[in-house]
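Each in structure tokens, the structures are laid out below.
What follows is subunit A paired twice: with subunit B in the first complex and subunit C in the second.
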Partner chain A sequence: MDLSLDLLGNALVSGLLLGGFYAAVTIGVSISFGMLDIVNIAHPAFIILGSYTAYIANSVFGFDPILASIVLLPAFYLLGVAMYHVYDVSFERRGDASIRGLAFFFGILFITEVTLVLVFGVDYRLVDAPYVGPSLHFGVIDLPLRLLVPFLVSMALIGSLQLFMSYTFIGRAIQAVAQDPMALRLMAANPSRIKRIAFGLSIASASIAGAILIIIQPVEPSIARDYIGRIFAICVMGGLGSFSGTVVAAMILGVMESLTSTFYGPSWSPAVAFGFLLITLAVRPSGLFGRS
Partner chain B sequence: MSWRLILAASLSITGLDAGYGAVRILHDVTLSVAEGETVALLGTNGNGKSTLMKSVMGMVRPSAGSIVATIDGVRHELIGMSTEAIVDLGIGFVPEGRRLFPRLTVTENLLMGAFRKKARPDIQKNIAFCFEVFPRLAERRKQLAGSMSGGEQQMLALARALMSAPRLLLIDEPSVGLAPLLVARTIDKIKELKDSFQLAVLMAEQNFTQAIRIADRGYVIVHGHIEFEGGSAAELNDNDLIRQFYLGA
Partner chain C sequence: MRNVRFTVLALLVAAATFAAARLIDNAYVFFAGYVVLQYIVLATAWNILGGYTGYVNFGTAAFFALGAYTTVVLHKTVLVLPLPAMMLVGGVISGVIGLGMGYLTLRLRGTFFSIATLAMAVVAQTLITNWNFVGGSRGAYIIRPSDSPIFSGDYIQYLFVVMLLLSVISVSIARAIQHSRLGYGFSAIRDDELAAEASGVPTLKLKLIATTLSGGLMGMAGAPLPYYVTYLDPASGFSLSYAVNTIAMPLIGGTATWLGPVIGAVLLGTLQQVATVTISSALSLLLVGLLLVGFVIAAPKGIVGWFTR
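Right, the complex of A and B next:
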């Protein structure tokens, strides 16, 4: 009995920490898919790119991976801005963004993945930092720093994005742009510029998400694909465009996966998680925190 | 008379032709709004009122003519400018169908209105003013715009346009979809706002009797032509052409 209570407590805690990490990998999609209606299926590939840049900074130059990912934010932002520009000119302005846009991002996903394979090979890569090994202990509960630090970084990332979205003019315009681009023009804002900034922020978040991914687990190029389903599931379950919804949905998914793999075995966890997504959408079609 | 400098905003449209693709809607339209004036653009559905408004706002590209806005003594040719640049000059627009951001709250919609850089220093003052004029909006400030009634949405659309601190305000069909009592109230509010903000107003409206209550002058547009120009509300009221063409009496 005691043993299973311990297990339960630890499963809950690590599920919450895992959820915090899921929130960080999803937040970029909450911006691009949730706020801009851009199905950026390549987002996980940019997260893996973020993992590899953090890996190089760490293994070659000896930098802290999280610090490196913060320094690299402007580079990822510009990459996002450039990518949105291509997408805007090639698809959105011609009005056939949905299916062709999806194909475009699929292409980006595979090109990024193959490039990473060619450059780094398919070996798993790790980073080294003081918080990768040790754990804190509170009674029977273990708090591995390898999960706790990413959790805190993730919350800081999402908190600052939320402040930006709520309290700046550009942030509010980002929330408004998909609702009515023409009305946004009547507010003296250029929708293309607003979307460009938003998409830049979305890709910038992948730098930090990538760094914390490689802290949590070893990374090789193709694991991007493992995250696509989870990321979009969390985004939809939380309610499109809602950051707090994303965090709550990510935590629920993290806890469900952790509980299922502790008590029933890891192979069941995706089934339980996606089952929960279906139930959520059946009860609340606009997601947990969706504004409808 | 230093206040004259403050309200110096006017609009002058000359020989305007505009349409969609091969369909020409407006034929040689000439119209002006002088400083501090409220001008009504009268006409039933499908005569080109909205096309004229959209041409001024850069949402429809005219094929001939000129649209000149003079703001603080500076002349701006609006044809060829983007909508956002036109709004940035200080020309506000309340579009037909209101075009609110349905999934933003009332306050967020108002703050969006103040996106224009020149409007930002006065945000607190202007929001307080909007809530004073439209107490309903103050009560519902945290409600999503899409969940409000038509009348409340029209109020919010007006208030949002005012948040950009415009000098010239274009209003397309403020009465559409509103109950008769609300139409009168909306028209009164437009008058009140115009006086407080010292705006020049161009208002497209099918509701003739309501529109001329607050208009200084008016134009009647029929099939894309200006058929009659009334120098005063009384002149519009007494005109036979209006009865014949417009009121169908």
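Right, the complex of A and C next:
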């Protein structure tokens, strides 16, 4: 019994750490889907793009992957702004965002993935940093730095986004546009501009999320798909657009997945997220914390 | 009456296609043609739900692969079952899954349905990957009979004919729906679901009919796949390229009519076959992605939209 209790403890801890990382992966979609109502299913592809830029910075120039991802934030922000511009002109203003907008992002997801395959091939890539190998030990509990560092970076990312949303004018405007774009227009603010900034931030978060993803696991282009379900499961469970809800839902999912893969084998863990998503959608579509 | 006339006409076109393929007398024509026909079925099936009612299904690969894996199971348990019977079983299973899926998620906003279909594809793939009876992640081998059971010729010609007939059936169904009360109900849902509901259109029932029909046809299209590829593994059966292609084809051809998916499937399917042989398969997939994005931005009504005003 002792052994399985240790196993349980370790599974719980690594699940919580993993969940913290999932929160960073999801936060971009919490902004774009939760607040702006833009179903950006291409978000995981940008996260993988972030992994590859961190990989290049690390393997070619020898930079720290997290530092590199922070330096690259403006580039990802601009990419997001440009994408929102195309989306806005082609779909939102035509009032035709549903089918074609979805197909647009699906196409972007696919193009990004195939391009990465053409450039980098389908080999798994990984990064090298001082915190990739070692672990901390507390009694029987192991804390691999490989999971702990991404956890801390993720919490810092979400914390600073939360501060930005609560205390700056633009942050509050983003929250306002989520609630009532018409009213915002009456206050003489331009919803399109606010949404553009918000979408830029959402894609910028993919840079950091990508860097910590490649620290946690080796990356190849098609793993973006595994994350689509996780991201939307967390986003919906967390009640669409609530940051604290996102973090709690991410940790619940992380623990569930970690327990499943410890006790039933890792090949089952992708189904956990999707099963969760289907159940959430069927039973409580407003999320665990949403008002129904 | 007009529907019967259309089906007869379509059968004539199908017979002419088969005769032409026989005249060329090259096995590759049948192999490539099979894929194009399969996409006609998939694109038409997708369009019944996606184009007519406006609900985007990203889970084509799941319905398609469920049909294919049904055949694998039947092949391993019931020894001699003719292919059309297997396709019927595969279609029923995928249709029932579509019904259940729709029942769980169709009461929500359309985007949730789309995300749920994406999720379902991964759940189904995980189940199949962990199911050793159908080969698990190692995949399953199916020995293809060498000769066609009904006429003289290679078995691939038989597969070609079966898929040809299935595409005639699905296009006929799609066309019949478009001009029926059912079709008007579907477009009411697409244009304004709330208004449709308020004027007494039974929206949930209609959406469930569309999902079941669409899923069933996709399953039927997938059922002959194991005999076509002779080796089926989860990664290729559930490949994302099926989902991308079946969304790209109707959107490029035009989603409002039965003709759009057919045009899209023939054009894009042929283009891909040519590009795969002449350039590379990764590039041909990139081409599909670029065309999809280009068309949804620049030509929202698809190719059919260029000719109708």
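As a working rule, the second predicted complex is superposed on the first by the 270 of 292 C-alpha atoms of A that agree within 3 Å, B and C clash if a C-alpha of one lies under 4 Å from a C-alpha of the other, contacts with A are read in each partner's own complex, and residues count from 1 in each chain.
As a working rule, a residue touches a chain if its C-beta (ideal position, glycine included) is under 8 Å from a C-beta of that chain, and two chains touch if they have at least 3 such contacts.
As the structure is a computational prediction, the values presented were derived from the model and not from experiment.
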So, does A:R185 touch the first partner subunit B, the second partner subunit C, both, or neither?
-> first
Which of the two partners, first being subunit B and second being subunit C, lies in contact with A:R172: first, second, both, or neither?
-> first
Which partner, subunit B or subunit C, touches the larger number of subunit A residues?
-> C
Check the residue A:L278 against both partner chains and state whether it touches subunit B (first), subunit C (second), both, or neither.
-> second
After lining up the shared chain so the two structures overlap, which partner does A:S90 touch, if you call subunit B first and subunit C second: first, second, both or neither?
-> second
In the complex of these two chains, what residues of subunit A are touching subunit B?
-> 169, 172-173, 175-176, 179-180, 182-190, 241, 291-292
In the complex, the residues of subunit C that touch subunit A are 50, 54, 56, 58, 104-105, 108, 110-112, 114-116, 118-120, 122-123, 125-127, 129-130, 137, 240, 243-244, 247-248, 251, 255, 282-283, 285-286, 288-290, 292-293, 296-297, 300
Under the touch definition given earlier, write down the residues of subunit A that touch subunit C in their complex.
-> 39, 41, 86, 90, 94, 96, 98-100, 102-104, 106-108, 110-111, 113-115, 117-118, 222, 225-226, 228-229, 232-233, 236, 267-268, 270-271, 273-275, 277-278, 281-282, 285
How about subunit B: which of its residues touch subunit A in the complex?
-> 57, 59, 82-85, 87-88, 92-93, 95, 99-104, 108, 111-116, 120, 144, 160-161, 164
